[in-house]
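Two complexes come next, and they have one chain in common, subunit A, joined by subunit B in the first and subunit C in the second.
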Partner chain A sequence: MPQGTYLRLLVFFLGPALVLYSVFSIYPLLATILNSLYSHQKDGSFLWNGLGNFHTLLFDPTWSEPFWNALKNNFVFFLIHMLVQNPVGLMLAALLSLPRLRFRATYRTLIFMPTMLSVVVIGFAWQLILSPLWGIAKMFLQTFGLGFLFAPWLGEESSALITVSLISVWQFVGIPMILIYTALLAIPDELIDAATVDGLNQFQAFFWVKLPLIWPTIGLVSVLTFVNNFNAFDLIYAMKGALAGPNFATDIMGTLFYRTFFGNQLQLGDPSMGSTIATMMFLIILIGIMVYLFLVQRRIQRYSF
Partner chain B sequence: MAEVRIEKLRKSFGAVEVLKDIDLTVEDGAFVVLVGPSGCGKSTLLRSIAGLEPVSDGIITIGGRKVNDLAPAQREIAMVFQSYALYPHMDVAANMGFGLRFAGTPKAEIAARVAEAARILQLEPLLKRRPRELSGGQRQRVAIGRAIVRKPQVFLFDEPLSNLDAALRINTRVEIAKLHKLLAATIVYVTHDQVEAMTLADKIVVMNQGRVEQQGKPLELYYRPANLFVAGFIGSPAMNFLPGKVTPGGVDLGADGALALPLPAGAVPGSAVTLGVRPEHMRIAGTADGLRIDATVELVERLGEMGYVHLRLPSGAVAIAEIRGDVGLGTGDRTSVALDPAHLHLFGADGHRIA
Partner chain C sequence: MLNKGLKTLLLGAAAGLALSGAASAGTLTIESWRNDDAQIWKDKIIPAFQAKHPDITIEFTPTAPKEYNAALNAKLEGGTAGDIITCRPFDASLELFTKGHLAPVNELASMANFSDVAKSAWTTDDGKTTFCVPMASVIHGFIYNKDIFKELGIEEPKTEEEFFAVLEKIKANGTYVPLVLGTNDQWEAATMGFQNIGPNYWKGEEGRKALIDGTGKLTDPAYVSTFATLAKWSPYMGEGFKAQTYPDSQNLFGLGKGAIYAAGSWDISTFRGQNVNMGAFKPPVPAGTTDCYISDHTDIGIGMNAKTKNAADAKVFLDWIGSEEFANILGNELPGFFPLSNAKVQLKDDVAQTFVNWRGECKSTIRNSYQILSRGTPNLENEMWNVSAQVINGAMTPEAAAAQLQDGLKKWYPPQQK
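Moving on, here comes the complex of A and B:
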């Protein structure tokens, strides 16, 4: 092929994607990083500040306290997803792939449904359910004589974050379930027959044959969870507002960024510090992904059947 | 090793009856081959013996023990699957020893048995490889090795060679025959391949639509097929069938002429019959043989020393005759064929052989 034609083809096929990707992903990312290196003045102008914003964010108590708080909360948020959402998703997928299960499609749809609902709807619905005044959760527990267990979970500092996390888990558990279920379906039946002839029961066949074969999918699900959790914002905002109460107990990186960048109530918006937080979020996710790629991914074998 | 006995076995998937009243005995140490058209229930029968499919009715015994309610692992069987079904995440040694590990066999014994099987199957240099690092033939041997280490009473094979290329298939076929002798194993083997069936089997079981059409020694099925289905299924190219009527002195084939032949006792004059004759018993007539039919050559296939002539008979029926050497025939030539009176088969209107 003549070089001219080759170049033209290259531009033709790669161009559109490259342009879109540049305009909507690379440019905003670079602009954010650049923004984080300036400081926003009261008169609206920007002054070069080097890494000063990062220093402020990490070491000035008025900034560092909310930052570390949000980061810690974000890790708790992530851990709850890893420890509840993904194992439960795995379990549901395993149950769904049982050969003699009836109403399979119904379960699959019902469990996946919340994922497709708007976060605002989910947040509102759960707020109603858990409300100490008119929520049905209290009455539900009372019916079983367990009324003493009820607490205003969303309102207490000690439980608000866990509660919001579990609501998010409830909403998104369908995603790991579907991904893992698909991976399980790809495992040939004869392999499980062979395991059965080798003397394994259903559980053993799952742990010794299926599970090792779906590690790549579980790895993928973990990465998706990590990225989604560290970019999370909407559910907290919908349920607890930008202040992520009570007393910032549910504040995560997303809400902290929102308050800082756009301002909230008495707090003025600060594009520079906002960008600094956004850049930190980017770096945290980057580090997380690199740890996965270099430490975990390499040890996972992929199989084709 | 043990005898497998199957009595009145039935198996339905929902409303569809896939196995209908199967009676079958696999003698201790015998090599039994199940053949039949696709979908006739061979795999289902094999999986029922293995315990992978619950049966609807009937009794299966292995070594005199009723196994209907036993799990596959307790039936002392081993199965080799068509796709090999090796565990992709384990190396060859682990694949072979996996079942023993779950049976609680001591490590040293597992190692010894795996080494023994690897020696028999020449897998020793491959023990540390993963299945995907093996060729098709090697995977096949690992699958057989996995069966051997379990020292089962019965080996079950489901089309084990169908994923191999022609040359390897012949090799592996010979290997399996040797293995059968070496282990004195009881084997039930499913195949599509006639040659495999004829060469390996002590007994062939021909199945059709969930029933056993005939079982017997390979040559018995070849020379005395019990019905039209078996006659047409065993042998390649298939047997030629000529419809006719029994006359007092032979068979009247209508437009193809009347043949004078000694009739078996069951042939009632005047009744409709089908005369079956294999291509190898239908030769281009050189001299004035007894049983002749005129024919027009449609096509000549030469496979080297031997070949086949596709013939159009006066009745319009098509027949295939075997030729040896160069008979100098071409498309359109008129000739006549001679039938070997010792190898003619008569089937009644119900399709059964008239003995």
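Moving on, here comes the complex of A and C:
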């Protein structure tokens, strides 16, 4: 192929993606990082501030306390997803791939459905379910004589974050399920047949044959969970507002960023500090992904059939 | 990435605004967050104005309240904003004025109809320039269900002692939630709780100004006592009030399941829609005090885009906003929003009239966190939401709440550092 044609083809095929990616991903990212190096003045102008904003965010107690609190909450939010959402997703996928399951498509659709609902709807629905005034959670517990267990979970400082996390788990459990289910389907029947001939029962076949084959998918699911959790914002904003109460018990990086960048009630938005928090979120996610790539991804063995 | 999402959103919004463009000359476009009132503007306010000024066309183009500030800023920066700007109180509008987006309105004849308190929300710190015409205020107090009061044989409480006796009586009966308020959304606790009953303790304007000039502290007995009283509310609030949202509260009272509702006057129209037989009483006075104070909070103003092509027409319109005629339309069409002008206004809604009568019986003040004191970090208003909710939840003592507010304010506000 002549070089001119080759270049033209290159531009034709890569150009649109490159332009879109640059305009909507790379440019905003760089602009945000650049913004974080300036300080926003009252008259609307920006002054060069170097790494000053980061110093303020990490070492001035007025900023650092909310920051560490949000980061800690965000890790709790992530851990709950890792400990509940992904194992449950794996279990559901394993059940779905049982050879003699009836209504497979129905289960799959029902479990995946919440993922496609708007967060606002989910927040509202769960707020109603858990409401101490009109909710069914209380009546449900009372039916079993467990009414004493009921508390306004979303309003208690000790339980609000866990409750919100579990609602998010409920919403998104369909994603690990579908991804892992697809991976399970891709395992050739010969392998399972061979294992059965060798005398393994269903459980043993799952743990010794299937699980090792889907580790790469579980790794991928974990990374997706990490990125999504550290970018999370909407569910908490919908249920607890921008101040993420009580006493910032449900404040995560996304809500802290939102308050700082866009402001809240009388708090005016501060684009510089907002960008600083956004940059920190980017760095945290970057570090998390690098740890995964270097420490985990390389050790995962892949099999091709 | 979050960054990407946001920037895309902003770009999209900016593009949409650019396309909508500015209105033609001879027409005044009004920017507002009051999309709830669009019908009233279209059917009542604009026709009334045009009856006198047929040559000026008005277009009311509201944005959703949550997006208003961001959208307005983007439009002003991009030069596509309307001629008339509805003003949020205090710093949000002051920032627009300092950036040169709002024009001064001092010279308008109708500005003489407004008191200094009314103008304070839209005046520079030195008190010299006013940049929006005060339009409406909201008043705090308590709305109660008349049927329930009659059934249980209770009277409107006047003092705090009577207030708690009434609550106790409703609680003893057991049928109704005595006091409707939730702490899930936090602002309810601060606005309908702390700012509602507080002025009686800190003597309204006197206490508010003392905080600004640094002679008063948030750890003073007035503030600790306000929190101490709030802390006593929780036994009378609905079960699970910690997870009760603002719409929950509105429904609880609107459906007749609650007896007393810690209110903002804007709730009147909500409850009218639900046909509640209601009355209102002002914040009961604490023991040993005789004077009463109410929170009569400046909430909506209206100003002029400094870069409008229609400055002459815009001034005619703003001048009319300050008139008695407008005050009457506003007060009657939007019960619960009260005109700020000194004009005598007769309201058709009896509950709204009750609220506005308090202006003559008590001294008016505005919420103490709004002027100047919420300019720094930590933000005083945010802090008040947080600690007020915690005090009612029983998670924080009144003393600790007051101390946290004072520490936060002292961190950045020089007059409090002396």
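In the analysis below, the second predicted complex is superposed on the first by the 305 of 305 C-alpha atoms of A that agree within 3 Å, B and C clash if a C-alpha of one lies under 4 Å from a C-alpha of the other, contacts with A are read in each partner's own complex, and residues count from 1 in each chain.
Rule of thumb we're sticking to: a residue touches a chain if its C-beta (ideal position, glycine included) is under 8 Å from a C-beta of that chain, and two chains touch if they have at least 3 such contacts.
Bear in mind the structure is a predicted one, so any value in this text is a computation, not a measurement.
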After superposing on the shared chain, does subunit C or subunit B touch more subunit A residues? C
Touched partner set for A:Thr5, first subunit B, second subunit C, both or neither: neither
For A:Asn231, select first, second, both or neither according to whether it touches subunit B, subunit C, the two together, or no partner. second
Figure out whether A:Leu213 sits in contact with subunit B (first) or subunit C (second), or with both, or with neither. first
Thinking of the overlay built on chain A, is A:Leu243 touched by subunit B (first), by subunit C (second), by both, or by neither? second
For A:Thr106 in the superposed arrangement: first (subunit B), second (subunit C), both or neither? neither
Which residues form the common part of the subunit A surface touched by subunit B and by subunit C? none
Listed in rising order, subunit C residues that touch subunit A in their complex are 1-4, 6-8, 69-70, 90-92, 95, 98-99, 183-187, 238-245, 248, 252, 369-370, 374-375, 377-382, 385-386, 389-390, 393, 395-396, 408, 411-412
Subunit B contact footprint on subunit A (complex, rising order): 188, 190-191, 193-200, 204, 208-209, 212-213, 301, 303-305
Touching residues (chain side subunit B, partner subunit A) in the complex: 47, 50, 52, 71-73, 77-79, 81-83, 85-89, 98-99, 102-103, 132, 146, 150
Given the complex with subunit C, which residues does subunit A contribute to the contact? 24-25, 27-29, 31-32, 42-44, 62-63, 127, 130-134, 151-157, 231, 233, 240-241, 243, 245-248, 254, 257, 259, 261-269, 278, 281-282
